[in-house]
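Structures given as structure tokens follow.
The two complexes that follow have chain A in common; it is paired with chain B in the first and with chain C in the second.
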Partner chain A sequence: MSGMKWYIARRTIWAIIVLWITLSVTWMLLELSPNQGELQAAQQAAMQGQDADKAIEDYKKREGLDKPAHERYLSYMVNMYTLNWGYSTEWDKNVISLFLDRWPFTLQYILPSTMLTMLVGYGLGLYSALNQYDRSDYVATFIAFFGLSIPNFWFAIVLVLITAVWFSDLVLFGVDMSMFQLPVFYKSEVINTSETITIMGIELVRGGWFTFDNVKQLLLPVIVISTAGFAANMRYARAYTLEYANAEFVKTARAKGANSIAVTRHILRVALVPLSTILVFQLLSVFATGTVVIEFIFSIPGLGQVTYLSFVNQDTPVILGITVIGVFVALFGFLLQDIAYVYLDPRIDYGDRTGGAG
Partner chain B sequence: MSDDPLLDVRDLKTQFHTDDGTVRAVDGISFDVDRGETVCIVGESGSGKSVTSESITRIIPIPPGEIADGEVIFDGQDLTEMSTDQLRKIRGNRIAHVFQNPQGALNPVYTVGKQIIEAIRIHKDVSKQEAREQTIDLLDRVGIPEAGKRIDDYPYEFSGGMKQRVVIAMALSCQPDLLIADEPTTALDVTIQAQILRLLGDLQDEFGMSIIFVTHDLGVVAEIADRVVVMYAGKVMERGDVYRIFENPAHPYTKALLRCRPGQGSQREAIRGSLPSMIDPPDGCRFAPRCPHAVEDCRDGDQPPMMEAEHPGHEVSCIFYQDGFDSTQLDSGPEGLSASEARTDGGESR
Partner chain C sequence: MATGTDPDLTFEDVDWDAEQEHPLIDRSPVFLAQVVINAVIFGALIWDYFILNNESPTIEGLHYPAIGGDSLIGLGFWELRRPVLQFTTNGIEMTTTFSVWDVTSVEWLLMVVLAFGFFNVVVPLYQNQRMTAYYWRQFKKNKAAVASLVFLIVTFVIGFVGPVFLPPPELSLTEQYLPPMGVTAQPPGYAEPISGTLAHPLGTDHQGQDMLKLVIFGMRVSMQVGLLSMSIAVGIGTLVGTTAAHAGGIVDEVLMRYVDIQSTFPVFLLLLLLIYLYGGSLILIIALYGFFGWEGIARQVRSEALQKNEEAYIQASEAAGASQWWIVRRHIIPNTSSTIITAATLAIPAFILGEATLSFLGFADPEIYSWGQVIAGGRGDLRGAPWISTVPGFFLFFMVLAFNYLGDALRDSIDPRQEQE
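The block that comes next holds the complex of A and B.
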């Protein structure tokens, strides 16, 4: 598969070029906008009865802003590509190490919810397409539209109300619901503490990522994020399955004597090609907007929270970093999608694949 | 081999339940297929011939489709009584299908080899390697050059004619007793058509299988059929030996069909009107609204029963063959067709 390697190499080079263009545009926007630090320096100097112009000049010198534009552009680019993304005074931390600290908090709920939406969404979509206009189809369709229609933030608040507030003193059918009570706010201590407790002779580790306490406090965010995603997946899977369910090749498969599992595999394998595209888009939209809302509501100290706070505090280096990460995730996602495409659909050419004898 | 026909379709009714009503696509048809013979089902688009062929192994979509009535006796067993699991053992194994459009008949994302190997391994307990060897033999047999190499190619790498050969190879993978070919040459150009027909003929001689060949192309019928079933609007109009049908077509519809073939010169004549509604079909003979000879009695009651025309085995559903009617009146219509003309087209396409 040397063709494949060359294809990936070409796509990667493209990704680097696109990243460069994005960074250049971002740099230009930053050049054109007023510098927060500069204004602050001037204001401070003026309040202390000093020369504001002098303060600005000093500030520029200190920050290296007095150099010519092309030099600053060059050093900016070098910094960006060498992962030297500056220092956040707001967090009192290097931007890169801030992101390194925070990304696992985001990943820990995005990963399971993506897998959940994919499996449940595709599964239900496939099932309801193969039982089109059946009662089960209508039920699945209803659930899907329910999931699509309700806003994320509202659903999150309602879930919090039920599982955290009402469950605290509710007895349902003689069952004390407080045992199912879920924590509202994410506690990162759960991950950092490491105590072991012994229950009935079994030693349990109580701190860390893969613990019951952590899973419990991630339950609500995962449910909220999954609802919308799984509904969309289900509708897409249903549509594409229906498109292929009556295809000629499916009839051929049935005429061969294939059982329903084998026939379904024929349908799904072809439907996966368009579905793989949608998956990337969905992931990106969750990453771009979903994380901010979810992490704000549940106080998860992940990248979404960092994004939100950096915008509120006008923390330029962090905003810049978030932008680059967003672009990088998108480019990486599309790269994966292109590779998946070639892998899933032999008709898609990746350059020097030989074939097509006609 | 017994004297019983291999396939005996009796009063088969297939319906589709739609929002507009029940479509009676096949409305009580009967015909049989002997061992080793080729039966052509002929009719215009929408006459129910494809539905007939797909009702035999029940690969029509159910629902909305439904086999409402009738029997399909295959080698002594009624297929309509069988469970889907039992039928699956027959599909692709003893009764195989070849469909009209080779472009769509193969799954685009699997290699042709994988798809044929799948067909073999559904019915035969052989290893992947053995199935692969059989597949190469099959591809070679249907005339795919360098079969050993092409086995790992994807369908898009084959031309239309080659794809149809692959589909035929797949259909033959378990040496079926009956091959149902639904317009297998319609989507192909004429030279490829002739090659595929010849291939099917050769394979039939080799494997001794029966063929049901669905087509609207009378030239093809003349070339390959032993017997012909003429369908119109879900009913059988006429059935009989291919020579009788071409020499002495009995039903006005068959006569009209023969007159509207290409190659008739100025005598070529279209059938006026269009197919009746299959949701609410007309009373009497289905063809009566378009029939130039129709009389009052034609528009009454049900489709007339099958009656013997001049020769045994040649049956027609037309009241002019009932006692008290004169079937020679049918020849006085718009230019009668002479026997020699009936054969010329068949000869041409050879």
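The block that comes next holds the complex of A and C.
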């Protein structure tokens, strides 16, 4: 067992080193780029008829940019590792408290879509592999290709067009579709309101995360972001299930009269090992782009929207912070994946490289 | 591998002395043609960048004097393309030239890639007709993949030939929000419903730009992004993957550790960061996707090459004194080509979607006709003019779908292990 502990410790140390390398690269990139604050200071001075050079000098002194590079690098690293991430001029807030305010808005649709992605993806993948070349296999494969190929931002727009615009005055088979109309833009009032209603003598708070209104306005984001993820999971699950569907141990289980649930369990236990290595990588790639796009379209005030706006408004401390969070989430995900791998596959060679998709 | 095209040639008949004198430098006509074509492209590139003024077009035409406002007439199709007028005033003498074709950096890169693809995919397929026929028989079984291939070839040709003949979409204040042909709608700013006409088969957008032209110009951008980024990513991924697998030891460790680090850094954030720092020109987006999108390919190629590395022909080659580079180039890369080609086909749709997403969010160059940008532009008019956002999306969706189907079918047809009867 000490081999495993040593393995996990080594992976953790490696994660810290990678974090340091990426932080250094980000610092170097920012060092090499023109400083927005400096330009603003010079512009402001020029407009007020003051000396632009002096304004730049003052700005540099104020921000500590007049110090030598190694001192700046050191203080940057200390600030980053002690979570002193600076102040956002755009939101007039500490970067950390900005992120603390916003992360629940992202998590509220990321968590359900992760579960949906895994359950539906693995379920359909297993089913279509066990019924290979069946009609249901072709249908499932087509759905997977549809999910893989549809651009998520366009899918979101088409869904908005159908559920918000067309449903408003559409009568389908005598049913007025306007009652299924979904909101286009996310309203955070739904969560913050403390208005109460009384139904059958019970007083209920209308506002909150787990309310019908909130679920209703998260329906489209969850569907859109789950589509791409579940399709990829289904393809992988199908491929790995096929690999083990005719393995000796599965044949033996079948010969002993195991029912389809038991057979599935046998296959899943082995197929989960390679699947787990792909899951993290694949979730990260879907969510990194997906959150920005989804929160941009549905105006959800989560981390994706903060990312988008920080780049549009060139709010450097926030950009830095979001990059660090992105790297940190990825590193943490890969670490969890490595640990899961050890538990799922007892045969693992601790010296071997495991990270990422194969 | 390189010789032995004669089917009647048996092992005993081979003139081994001649084979021994296999030249170190390939002097086959195909190779020479490749060298000449590349030299011409690079020569033209140098000529364009150093001899010609940066502002003047690569190919110039004479300007015909303006007749009644229609300034460029009677020059065949060339004047349709980017009629940039240039006035060089030398005292009273004034000459005007217009651009026939000002080759951009993206187009230079594309020429190199297309030449490379021609000599390394088309020519070998033509030379090994027996294998080509076999691959085709396998591939033909998958009807969806054949349809995808046809769709992609048509899209490719329209995307590259269309913009040569067509003038770019023009802004028009009188033709805003025209519905597509056969559709009757009441767009914003119109008092009563109007029907689409043949003049604008796919309608016009909120600025009066013809949707069909936007779609055709967008095809070109998507194809450029997909092909170029894929070439860069596959090139680096193949080199890193095969080198790591064959060299092993410390080289393998360093290369694959770097791959780990790169895959940790969220590519999308890195792209936004670099675009924020250096601006979102098309060539930068292509380069960024290419240079930061190869980790997956490198991993796949490495694991495939590790298996090939154990084969007897590698040991034979090593025993015969072949250099590492020779073994990688002549044995490992050709024998992992099925993995490489499949990874290449599946990388293209990812890059196309990535570029469309960036331009949808408004981070790309606004002067490039990208589908993502058109879709974003129609977002505010979903009720009155839904075709602006939906039409380009269909093309984007089908293009990505076709590449995905194609990649899947190629994997099945090239890789004999996958053959399940």
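A few remarks follow.
Here is the rule we go by: the second predicted complex is superposed on the first by the 339 of 358 C-alpha atoms of A that agree within 3 Å, B and C clash if a C-alpha of one lies under 4 Å from a C-alpha of the other, contacts with A are read in each partner's own complex, and residues count from 1 in each chain.
As a convention for this text, a residue touches a chain if its C-beta (ideal position, glycine included) is under 8 Å from a C-beta of that chain, and two chains touch if they have at least 3 such contacts.
Treat the numbers as computed from the prediction; the structure is a model and nothing was measured.
With chain A as the common reference for superposition, the partners chain B and chain C occupy compatible, non-clashing space. Of the two partner chains placed by the overlay, only chain B lies in contact with A:His266; chain C stays clear of it. Of the two partners chain B and chain C, more residues of chain A are touched by C. Judged by the touch definition given at the top, the superposed model places A:Pro346 against chain B, while chain C stays out of reach.
By the touch criterion defined above, A:Met4 reaches neither chain B nor chain C.
Of the two partner chains placed by the overlay, only chain C lies in contact with A:Leu284; chain B stays clear of it. In the superposition on chain A, A:Ala253 contacts chain B only, with no contact to chain C. For the superposed model, the angle subtended at the Cα centre of chain A by chain B and chain C works out to 80 degrees in steps of 10.
Closest C-alpha contact of chain B with chain C, superposed model: 6 Å. The contact surfaces that chain B and chain C form on chain A in the two complexes overlap at residues 355-358. Put simply, chain C touches chain A in their complex at residues 256, 259-261, 263-270, 272-278, 295-296, 299-300, 303, 349, 353-354, 356-357, 360-363, 372, 375, 379, 382-383, 386, 389-390, 393, 396-397, 400-401, 404-405, 408, 420.
For chain A in complex with chain B, the residues that touch the partner chain are 246-249, 251-259, 262, 266, 269-270, 273, 344-347, 355-358. In the complex of the two chains, the chain A residues touching chain C come out as 18, 21-22, 25-26, 29-30, 32-33, 132, 145-146, 148-154, 157-158, 160-161, 165, 242, 281, 284-285, 288-289, 292-293, 296-297, 307-308, 311-312, 314, 319, 322-323, 326-327, 330-331, 334, 353, 355-358.
Contact residues on chain B toward chain A in their complex (touch as defined above): 54, 57, 59, 61, 88-93, 96-97, 99, 101, 104-111, 118-119, 122-123, 150, 153-154, 156-159, 167, 170.
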